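Structure first, then comments.
The letters A, B, C and D name the chains in turn, as written, and every chain counts its residues from 1.
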Amino acid sequence: MRKPSLTVEIAGLKLKNPVLTASGTFGFGAEYTPFVDLNRLGAVVVKSLTLKPREGNSPPRIVETPAGILNSIGLQNPGVERFLGEHLPYLRQFSTPVIVSIAGNTIEEYVAAAEKLAGANGVSALELNISCPNVKQGGLQFGVDPLGAAEVTRAVKRAADLPVIVKLSPNVTSITGMAKTVAEAGADALSLINTLSGMAIDIYRRRPVLGNITGGLSGPAIRPVAVRAVWEVYRAVKLPLIGMGGIACAADAIEFIMAGARAVAVGTANFLNPRATIEIVKGIERYLEENGIGDINELVGAAHSF
Amino acid sequence: MRYFPAVEISRQEKLAADCYRISFISPEIAGLARPGQFLHVRINPGLEPLLRRPFSVHAVNQRTGEIALLYRVVGRGTRLLAQKKKGDLLDLIGPLGRGFTLPAAGQNVALVAGGIGIAPLYFLLQTLAGAGNSPDVLLGARTAGELFLASEVRELAGKAAVLAATDDGSYGHRAPVTELLAKLLAEKKVEIVYACGPAAMLKVVASLLEQYGVDGEISLEERMGCGVGACLSCVCKMRDKKGQDVSYRRVCLEGPVFKAREVVWQDFG
Amino acid sequence: MRKPSLTVEIAGLKLKNPVLTASGTFGFGAEYTPFVDLNRLGAVVVKSLTLKPREGNSPPRIVETPAGILNSIGLQNPGVERFLGEHLPYLRQFSTPVIVSIAGNTIEEYVAAAEKLAGANGVSALELNISCPNVKQGGLQFGVDPLGAAEVTRAVKRAADLPVIVKLSPNVTSITGMAKTVAEAGADALSLINTLSGMAIDIYRRRPVLGNITGGLSGPAIRPVAVRAVWEVYRAVKLPLIGMGGIACAADAIEFIMAGARAVAVGTANFLNPRATIEIVKGIERYLEENGIGDINELVGAAHSF
Amino acid sequence: MRYFPAVEISRQEKLAADCYRISFISPEIAGLARPGQFLHVRINPGLEPLLRRPFSVHAVNQRTGEIALLYRVVGRGTRLLAQKKKGDLLDLIGPLGRGFTLPAAGQNVALVAGGIGIAPLYFLLQTLAGAGNSPDVLLGARTAGELFLASEVRELAGKAAVLAATDDGSYGHRAPVTELLAKLLAEKKVEIVYACGPAAMLKVVASLLEQYGVDGEISLEERMGCGVGACLSCVCKMRDKKGQDVSYRRVCLEGPVFKAREVVWQDFG
């Protein structure tokens, strides 16, 4: 039997396979090249960029929790300019599409960042991070306010001639509501989910562990919440979905795909196993072979028709 | 830097209450490792603990390719690590980070270790001794029991002075090890100081170095995610060369060893 | 040094210690008496009751996830009448207050159930479960709609002369908003959190694992989300808080107390260790002794003043 | 029912591919356990796996107080259980649930086991044999390799007939074990049938019993949380005595053994 097809299409982008990197967990790609051949990934999603550089939150910025981690990086990033000058050229060597995540405090910032990136050669799509729980203003406010989310989406679509993927926050009453609003606003695809808002306390020092007090929960612990979000949004909107949240192995990835994700992103698992992305690509291929499935697309949403 | 998913443990030795030395054979790591670098260790394959744990390369036997890590049990991960036995497997990434810049031949060097801070300095001492440089070594600990490596250090240090201090006076001088450093700097022309230990101690070391205008490098610790520079979890605030604008730098990539004068101490203990 | 004081007061109820059982995880108390002396608990919170008996959802009703479980019991319960006849008399033998959790599809059902229970001897307080994610209508709808939540609270307060504890859902954009609304509506205390909405898919059978498709996520995995909820609500309202979500040992309980919980409830952990509640009581006492703290109340919210 | 937080494993035997028998000494459990009851096992103290796993009491040695569980590796928990060694500790609650109602002296009894379903029936057979009752035993399995207990069963069954069937015919009749039962019921007056195995098989057993008007008890499986009746996770749909209104009953408390005619099968397979 010939090898099954792993290629998927997201927002007009043809991807070799459905395995992406989750923004903020894979740096700008180069950090993982000692372990991973970037050419074998579906796409590289880089750390969220803001128009101007950001310092981020004060440490500690990470703490381990049961089957998860809390982080409060606070969008530390070099800004769009330096990304274009220092990081994008390196990524251009690879045949893998580069998806650039952008964040901001104001619509204007999103738009300005988007325009600069749209002009650059080697940026395949934009992911709007409107759901970062770790920055005081901006970030999450758009993520939990449907109007704000729609407005950012519309503005960026107008400003940049690139596919726009909107990344949704799980910290809302109705993620399907958010999904519908940004879909109507012109989003080409949706990423879900970003981290859950959480915190940890050091009972010996009697204070929050994180310098920022609260942080974003990620890792296997949140997988059931993420799978549910993908499941519900798949039924609510027609857009292609990129599922993420606790994916650590191929079986996890397939769970998201059957829930309705056309692609998946691997985040926290990179920290545990630097080759997680590649192993998941291989594992999905093996599953397809073992189950006589010729094309990954046959599995997208498969669990809805049981 | 490489990924070693399955390295077999060759030895697990309990050196003192809560202090262990774990060893494994890896000529590759032995060949790559530089003093001050660390390994990012996945203690168990499952989810307990979830994150890797960073440990400095403590000792390297170039002949046998055996690497040792020295660690203190302080929480869940190290407790699980201490349960590992000869023959069990470890999952390692490394060697990682920027190590110590070695001194020029014949420079006067001093090493200052606080408690488990001896871990990376021992490998540095091995390297210096190999290059014929015998630095002064200042060892600090809470009690005599924690100076378990003093004799091995003496052997390595050769003709150089090895001074010890304990908080409770149970061995050597009853003083913080930083007092020994103050004395040394006052009495002798030291050109470079290498230090590792609790943040509070390093802070004092840094101010002494400034006071005496002596160069120094220190090894810092911060909580890590990836260990390879991708997640920005492990940052510490640093001054740039000119001592002017401050910015966050990654302990796992730009560190763990930094110039003493670069560190902005407000962030610590 | 004399033994530290563990007694706390919640909504006028004096509790021997701050350790309660989480509704639905401890049955009606009798199930755990082979392992636990109910007299040593702060209070027993029983499985949620509805006015009429409920059959619940079709199995499977439980699935394990990383550091957590998903359940979709669907409020199976014998109804208020049979509880009063078959279960309450047994609980009356103990000196420990009994808190009865009630749920319903309509305000009228809540009110009717509350009236019946208020009349009974041996019911110390009511907990309003307006946050069960596992029932089609009712349950969660009140939990995510501030107006509905306020209305239920007001109606039950009017109907029953008992302390009313309102249990909040984490599946909302703003749990502090919900807290403020029900506080204004007259709630005497708040319990938080109920389970997070989630799901799991069996990738070999290509279908959701749970008969109900989605379920509620509980256990250690959700602790960071629960601690954050308690932390935020503590700053938003003055009501006493009962914290729960992944508490498995005394250190976990103390984390909630320092975040602002005056009492805690143990749920999923009972399944792992049938003596969890008692061990947590002992562990808290030991912590107080070791840290020279004379009264548990000194720790409530302690992490806010670091 | 009691809580046994630390019972030492006395034996871990691999009986076939994926099939193990794990034993421990506990005179208390030996004294309390009745055929058909189960133990709720916490495999590891940490969070992996999180929930307990239910296993039927498979064999009891009243003299030595040794208890055996028979299990097949089907997932994470049983895989971890199979890694346990003599001397390791298990955390148990039990014996739990309602077991088989024993037959009156001299009643004609048949046992029907599908695959690992032999687990509880073996203990029942021990008990019946002890009471001088030697039932017919029908063993079904996918292949000969899974009939690893056949000889031990023969010994226990004494003069009674032990028939085996395999799906692939590699041992005994090439047929589902339910065909053996049909044959038996047609040829001989059986008064009570006890069965355990896959839901699909039990479903057929139940309909055969109905057809022949024979009483039977079957042991069911459902995913569990607490194991003690508190969480309502483990329910199966059952008819009441009069076969009229149906309701959910807890496998952990009202079961795991139910009258064959009570079960509403729609929920299965």
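Here is the rule we go by: a contact is a pair of C-beta atoms (placed from the backbone, for glycine too) under 8 Å apart; a residue touches a chain by one contact, two chains touch by 3 or more.
The shown structure was predicted, so the numbers you read here are calculated from the model rather than taken from an experiment.
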**Request:** Would you kindly count the fewest steps from chain B to chain D, each step being a jump to a chain that touches the current one?
**Result:** 1
**Fill in**
Whole-Å distance, C-alpha centre of chain A to that of chain C, is 34
**Request:** Would you mind pulling out the distance in Å between where the CA atoms of chain B average out and where those of chain C do?
**Result:** 47
**Request:** Round to the nearest whole Å and give the separation of the Cα centres of chain A and chain B.
**Result:** 36
**Message:** Show the residues in chain B shared as contacts by 2 or more other chains, in ascending order.
**Reply:** 47
**Set of chain C residues in contact with two or more other chains** = 66-68, 219-220
**Prompt:** Looking at which chains touch, is this a line, ring, star, complete or other?
**Reply:** ring
**Message:** Taking the top-of-page definition of touch, could you list the pairs of chains it picks out?
**Reply:** A-B, A-C, B-D, C-D
**Complete:** Per the touch rule, the chain C residues reaching chain D in their complex are 24-27, 31-32, 34-35, 47, 55-56, 58-64, 67-69, 71, 73, 76, 219-220, 268, 270-275
**Asked** Across the complex, what residues on chain B touch chain A?
**Response** 1-3, 42, 47, 49-52, 93, 222-237, 247-248, 267
**Message:** Under the definition above, what is the set of chain B residues touching chain D in their complex?
**Reply:** 46-48
**Fill in**
In their shared complex, chain A is touched by residues of chain C numbered 65-68, 70, 144, 171-174, 196-201, 203, 205-208, 213-215, 217, 219-225, 227-228, 231, 246, 251, 254-255, 258-259, 287, 302-303, 306
